[in-house]
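Residue numbering begins at 1 within each chain, and the chains themselves are lettered A, B, C and D in the order written.
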Amino acid sequence: MNKTRLEAFSDGVLAIIITIMVLELKTPHETSWEAIKLLIPVLISYVFSFIIIGTYWANHHHLLHTVSSVNSKMIWANLHLLFWLSLIPFATAWMGESNFDSVHVAVYAGLQCICGVAYYILLRVIVGSQPHNKNLLRPLEKQSQKGALSFVIYAVAIPAAFLHPAFSAVLFILVSVIWFIPDRNIEKAMKV
Amino acid sequence: MNKTRLEAFSDGVLAIIITIMVLELKTPHETSWEAIKLLIPVLISYVFSFIIIGTYWANHHHLLHTVSSVNSKMIWANLHLLFWLSLIPFATAWMGESNFDSVHVAVYAGLQCICGVAYYILLRVIVGSQPHNKNLLRPLEKQSQKGALSFVIYAVAIPAAFLHPAFSAVLFILVSVIWFIPDRNIEKAMKV
Amino acid sequence: MNKTRLEAFSDGVLAIIITIMVLELKTPHETSWEAIKLLIPVLISYVFSFIIIGTYWANHHHLLHTVSSVNSKMIWANLHLLFWLSLIPFATAWMGESNFDSVHVAVYAGLQCICGVAYYILLRVIVGSQPHNKNLLRPLEKQSQKGALSFVIYAVAIPAAFLHPAFSAVLFILVSVIWFIPDRNIEKAMKV
Amino acid sequence: MNKTRLEAFSDGVLAIIITIMVLELKTPHETSWEAIKLLIPVLISYVFSFIIIGTYWANHHHLLHTVSSVNSKMIWANLHLLFWLSLIPFATAWMGESNFDSVHVAVYAGLQCICGVAYYILLRVIVGSQPHNKNLLRPLEKQSQKGALSFVIYAVAIPAAFLHPAFSAVLFILVSVIWFIPDRNIEKAMKV
């Protein structure tokens, strides 16, 4: 079995997930500053989620790039990941609409933890299915490190939301920054 | 004619079907447990339908993998299948919103029966168009067996919904389990 | 320039157009027969439009199959077609919601005329760009004949809607039937 | 890394962006001319945005056509562009619903400026990553010229909206016309 359709289907689902979030940006009927102000948390939530889904897409791209064949286990692990990612638009809208209420922010952070675990399962399934594929070692190592770090930060963001949602927001930004930093620097920092 | 666009179009439609269901998860305006409780049946319906569409996609993938050329009959049989599958988001939302009302559950089970028949028609059209393609024998045999079993279970779930919707829910889970079990075990159980 | 992305983008847009129509099937909050009855015209409109978009996709597939390279004119003629097709979900919902009001049915038929013209423009642009491509002759001839016939029928359906919308509905079914009939029979009937 | 998935994902997102705008064309419940009249500004906004997204897609197609490999920078520059483009449906709906209110038109024009900058960043990142790829020189030169001109016109359209929204509308049409004119004529006009 080849991987073309797995990629195409995943790209389709990710493209839809990333785009339907914009439907939550409901047009205010007034032009007053009061009306527009309500959009700001929705827009900020959208930016967070856009970066997160974009990061998943880029990593998924890197991970599957070195895979040569696809089996049933990978298909199901991939669908499992897509299921949890598909809930991000809901959590995003819920967080934005409530203007970053603690409970909503904690749910959002919790969902990111689950998505991280689902990605890690896909990673292990792929590596387990292709034990002799040396090209997988680099994305495995790199994505595992950054993934574990992200998981810990999101896990901390859950209780942090009850202290103040702003703490969680800072942690969300931190995760985004981690994925932007070139890998060598991360590796150095890990060694220190 | 080649099959690339048939796959691409089907992947697109299936990706959209699987993702727009999440739009039914309407964000509750309150954070109270009462408000969130109403989401649970909608979420459970979504999980059922996500697994069903995912299974169709995986089987469609396997089925078309061995096909070398596409004719008009296949295109129409495929569109026919996509039509019925496209109604799943509606039936899912209707079942979830009503908190598993008997009539709604029965309609959902009935739609699954029709989708099963539509898939079987596509299977027969493809096998009929390529009578000498021996690679088709395995998916044909495997998918026919599991498909027939699923059809019977969904058909039983229609009257079962009027006894108690929970019976139907158990049957829906049973169908999902059937498609997860490796094929050899199914074949053994069929022989016994 | 190659045609892969033109096909992929068109497939994406057509897949979305065909699927978002189902969002108009709004779940009734009651289970009464009265509530469900209101869905029937919406569902019938959806079936009409699903067949129409499916037919456009299949023809688009046939047409582009024999094209080897793509130029700017084709890209714009294709976008022009997609624009008019993208209005079909709106016209479909409007017709279905009004329970086949004369004005709405006439607008629907009129839109189908415009889509037909847009498809014909794309056909002429493609044939004009590849005057020596003999593989284009068959789809050109076949699609022009059926297309011209469809255009006339839709044009008749506009005034027919004001006599009785049922006349237009019969004409819409007639168009679908024309595209299902194998081409040889059409050609024979044309000669007689 | 190859560019197939970058193209597929971008095509998916652009296809969804261009199509979900049509969801803003809400079906009026009455058939009166008064009700339909309200749709006209929404429809005009849709036409503007459809042409703009179509132009981005066509240019994106041309730009990536000559690229042979993809790196992380390109992936992020592309996601950055898609983010801003994904806000176009919101700005379109907001402009249309308000019947071309000055503030809304200015926001729309401002968003187009940002999208233009995002596209230019992608262009520079791609050219910077492949300094020896001579095939990139033509789209670079052509798209930079037209892009700069478009940027200036959109920037002028921001204050113009406060004089009268019609001035901005004329400027929007002007941008569309620029992208339709064959490149040679543009180059000539620039030299004069």
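Convention: a residue touches a chain if its C-beta (ideal position, glycine included) is under 8 Å from a C-beta of that chain, and two chains touch if they have at least 3 such contacts.
Owing to the predicted nature of the structure, the values given are computational and were not obtained by experimental measurement.
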Cα-superposition angle relating the copies chain D and chain A, to nearest 5°: 90
Numbering shared by both copies at the chain C-chain B contact, with half separating same from different: different
Distance between chain centroids, defined by C-alpha means - chain B, chain C (Å): 27
Between chain C and chain A, distance of the C-alpha-averaged centres to the nearest whole Å: 38
For chain C, residues that touch 2 or more chains besides their own: 8, 12, 15-16, 20, 23
Residues of chain C touching chain D in the complex: 1-2, 4-6, 8-9, 12-13, 15-17, 20, 23, 72, 75-76, 79, 82-83, 86-87, 89-90, 93-94, 97-98, 101, 103-104
Residue ranges of chain C touching chain B (in the complex, touch as defined): 7-8, 11-12, 14-16, 18-20, 22-23, 25, 27-29, 31, 47, 50, 54, 57-58, 61-62, 65, 180
